[in-house]
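Next come two complexes, and both contain chain A; in the first it sits with chain B, in the second with chain C.
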Partner chain A sequence: MSKVTLNGLTKRFGKVEAVKNVTLKIRDGEFVALLGPSGCGKTTILRCIAGLEKPDEGDIYIGDKMVTRLSPPDRNVSMVFQSYALYPHMTAFDNIAFPLWIRKRPRDEIREKVKKTAEILEISEFLNRKPGELSGGQCQRVALGRAIIRNPAVFLLDEPLANLDAKLRISARGELKRLQKQLGATMIFVTHDQVEAMTMAERIAVMNNGVIEQFGSTDEIYQQPANMFVSGFIGTPAMNLIKCSLVERGGSISLILDTNTLPVPDSIGRALIEKIKSSDMVFGIRPEDISIHEKNKPNSYKTKVYVVEPLGNEKLVTVEMGNTYSKVRTRLDFKQEIGENAWVDFDWNRAYFFDKRTGKVIMHGLNKSANRR
Partner chain B sequence: MDRKTKIFIFLFLLPAVVGLGLYAYYFSGWNLSISMTNARSLIFPAEFIGLGNYERFLGDSVFITVVKNTAIFTVLFMGGTLLLGLLLAILIDQGIKGEGLYKVIILIPMAMPMVISGVLWSWMFSPRMGVINSLLRVLHLDFLTQPWITSTSQALLCVIIAYIWVFTGFVALLYLANIRSLPNEQSESARVDGASKFQLYWRVIIPQLRPATVMAFAVLFLNSLVAFDLVWTLTMGGPAGSSELLGTLMYKQTFQWNYFGYGAAIAQIMFIISMVVMVPYLYRSIRRR
Partner chain C sequence: MVIIRRFILYFILIIFALFMLFPIYSMVTTAFKTMPEIVGSRLTPPTQLYLGAFKEAFDSIGRPLLNSVIITVPSALIGTFLGSITGYVFSKFRFWGSDALFILIVLGMYIPAQAVLLPVVKFSANVGIFNTYLGLILPMIAFSIPSATLFFRNFYMNVPTEMIESARVDGCGIPGIYRRIILPLSGITFAVSVMINFTWIWNSFLWGLVLTQGPAVQPVMVAVNNLHGTYVAMWNVQMAGSLMAALPMVVIYAYFGKYITRGVLAQRK
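== the complex of A and B ==
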């Protein structure tokens, strides 16, 4: 098991810069997700670590050894591909044995190791079947088996769960996480699914346009997003981001959303004024941090119900505030229907403020409360 | 489907159906009927002699020679072409520069009329003026010069080499298309797992080339059965029948010696052999669809 370090990694395809000067330090035995929308460069980073792509600039270290110029087999990494890349003409046994087989290990050793690997992955009874006779979940385990049999320094997984059906994906998430703990292995996986990243990884590198926007624990990524992109990418549904400007009138501070005025608690307003350069900003609040009421309440804000989506255990209400729409998570007994009025108020301690131009976070309520403590 | 559409479909299919009916089915039937006569031409009336021609052919001394030659030809031609085609495909698969150009070049022999290829190869193999022997002489390797097509022991081999040359490019492209259709991840995964180039092809890629092999097998087998034009221009089946194949024998019997009935019977036998191979192949490929 080894740590993995990327130092100023850049990879270009023609004129397109797929990965831009990425630096990333992954600890020994850590489970890390590279998360981002398609085309953000996450798979390219994985392929660079595997040695399937040559970076144009920067260096890659596995353990303390620089591997930038080594060929894939000399890096001691295993990779599980999104399509699993199983060999269709070989049985599950032969697929798992393949890495040892080509190293010309003794037959007994191979049989022993395949048996052990199959036991860990609970696929012992399928070993004589070919990939075409296995389900998606079984194929995925065979691919994992082929990766772990060699006991590599680092595991690389490219969208390992993407080809599974929704139900299986949820159970596979847990199993993969347990497997990683059991092996104590350094695992890096690529995903575009933030739930997958949140549930499995210890730390997440959120990527966009070839750049790592934020690298941190799941809590950090969720509670202290570094910028608008991260806050908008994490959470289902994502954080509401509302363009607004801050004004101080007659001693009270408010946000102007379109033509509406939203008074801000004094402590937060003061802190904001100290930090901002321009009054234009983006106000961010998660759907669960908005309360919605059928009747007017002091300090609440009048909106119109745009759509109501019942989810069984709760309702997701989209409200119209001027020209912007915000999602609100609420209890099932919320009665208002489309077109009716509803009043919302915000948990200001969980509000975020972003610089409209750079997208960077200016401050968030949590920060303040954390400071107060 | 309404009536009008049906009529349209019928009209569009008609020329193909008529052409196929006339050239494939009608003439096949005609050939069968001639093969059961003692016809010496296509004009004068002939007598029905049942399976007499077939009996005569099976008893003919040339029968053994021709069957032996055709068997040797089929095995060496097919084996050589499949092997060389595969090697060529693997070579092109290495991502060499100018791949498109190579693909065109290796297809040229296939695109050329067989007769021209035959003439070209007869220049290569000519014992006195031929390219190969002249080259050997220039290199002072005179002891290596061979009688080639003038030798009873080498003529068939020369024909086989020429046929391999014609079909290798085609087979290579079949294999290349098959290799390229395999998911790239398989090779990448094998590379990460430490497989050498040889192991990658031997263990992962070649076992998955069945579709191209089956296809090439069918095409090559049919061509080895009907092999005629190149043999004719190179050796005319000679010397002394040493490169005589079913095709050349049929031609000689029919058009040189005017035993039309006998020639038709040989053609009928070729037809039956090819059906034995093609019917299961077509059945399988149609059923898969």
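== the complex of A and C ==
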């Protein structure tokens, strides 16, 4: 097991910069997710660590050893591919044994290790089958087996759960997390699914356009997003982001959304005014931090119900506020239907404000009440 | 209406089939006739099974038949093997000039034999392999590499690159990946390519004609042509010889034809 350090990593494909000057320090034994939309460069980073791509600039260290110029076999990493890349002409046993077989280990040792690996992954009874005769979940375990049998310094997993069906994916998530703990291994996995990243990883690197937007624990990423991209990417549904401007009129501070005025609590308004350079900003609030009412209440804001999505244990309501739409998570007994009026108010202590131009966070209500949740 | 259309279609197909089948009919019947019988009526079936022509033909082409086997088998196998290696490299690895090199190799398919006839004969005489088995095997291998390369490259393009990369990360080198992953996956493609090479090398008349002298090394296609006598045309002997020369190909296709179909279909996927 080893730590992994990327130092100013840049990778270009022709004129496209897939990875731009990325620096990342992954601790020994840590479970890290590279999360981002497709084409953000996350797989390219993984392939650079594996040695399948040569970076144009920057260095990669595994442990304290610089591996930037080493070929894949000399890096002591193992990789699980999205398609699993099992060898179709070999049995599950031979697939798992392959890395040891290449290293010309004695037959008895191979048999012993494959047996042990199969026990950990609970695939002992399928060892004689070929990949064509295995289900998706079993193939995934065989691919994991082939990766763990060598006991490498780092595990790299490229979308390891993407090819599983929805139900299996949820159980595989837990299994993979347990496996990582059990092996105490440094694991880096790539995913575009933020739930997968949040549930499994200790730390998440959120990527966009070849750069890491934020690297932190699940809590940090969720509670203190560094910018609009991260806040809009994390959470189901993601944070509502509403363009607005801040005005001070007659001693009270309000947000102007289109033509509507939304009064802001004084303490937050004052703090905000001190920090901003321009009055144009983006107001962010998560669906669970908006309360919705059937009747008008003081300090609430009138909206129209755009759509209601019942989820069994709660309802997801989309409301129209001028030209913007916001999602609200609410209780099941919320009665209003499409087209009817509803009144919302915001938990200002959990509101976020972003610079409209740079997307960077200006401040968030949590600065004052971090221990609320 | 449908029946009439069918009728016309089958009528046309049968005419084309007759064009193909008639020479074969003529070859088989003539081979079993005696010379006077042939002179009497060319197209009637033989009245008795006369095997003398086969014996006479075999006396002349027995050795060349063996020569053809000695030349064709290793050329077809080695040509296919080399083609699969180059096909593997061109399908899975990019290196400086790889595209240009690939085009150059494939261009080899379009060079007519006549264009390089003299240089090859001259070269073969200069290095002292003229009129030897090696003198025929080497050019046959060289000429089978381009099509085999293209054939295998197209097949290997469908082998997932992730599989190759996985083997690389697991510690396998480029030759190891070929031996342990690529080669075991290409069974049918291999068989098809060997057969295609076998066919054209076995049937190649021109190269046998210009690169050999006399029956010691001469392949069967040249020997069959020589059965045609100088003063009298011994039609039955010539047809018996042709039949024997064509037989190995017929047998191979009868046995392995389904693999060819399957292999070609697999390429299309």
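The rule is simple: the second predicted complex is superposed on the first by the 369 of 373 C-alpha atoms of A that agree within 3 Å, B and C clash if a C-alpha of one lies under 4 Å from a C-alpha of the other, contacts with A are read in each partner's own complex, and residues count from 1 in each chain.
One rule holds in what follows: contacts are C-beta pairs under 8 Å (C-beta built on N, C-alpha and C of every residue); 3 or more make two chains touch, one makes a residue touch a chain.
Keep in mind that this is a model prediction, so the values were computed, not measured.
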item	value
Three-chain arrangement built on chain A, chain B and chain C clash or fit	clash
Which superposed partner A:89 touches (first chain B, second chain C, both, neither)	both
Touched partner set for A:48, first chain B, second chain C, both or neither	neither
Contacts of A:22 with chain B and chain C, given as first, second, both or neither	neither
Contact residues common to both interfaces of chain A (with chain B and with chain C)	50-52, 71-73, 77-79, 81-83, 85, 87-89, 98-99, 102-103, 146, 150
Contact set on chain C toward chain A in their complex	160, 162-163, 165-173, 176, 180-181, 184-185
Chain A residues touching chain B - in the complex, by the definition given at the top	50-52, 71-73, 77-79, 81-83, 85, 87-89, 98-99, 101-103, 146, 150
Complex contacts: residues of chain A adjacent to chain C	50-52, 71-73, 77-79, 81-83, 85-89, 98-99, 102-103, 146, 150
Of all residues in chain B, those that touch chain A in their complex	183, 185-186, 188-196, 199, 203-204, 207-208
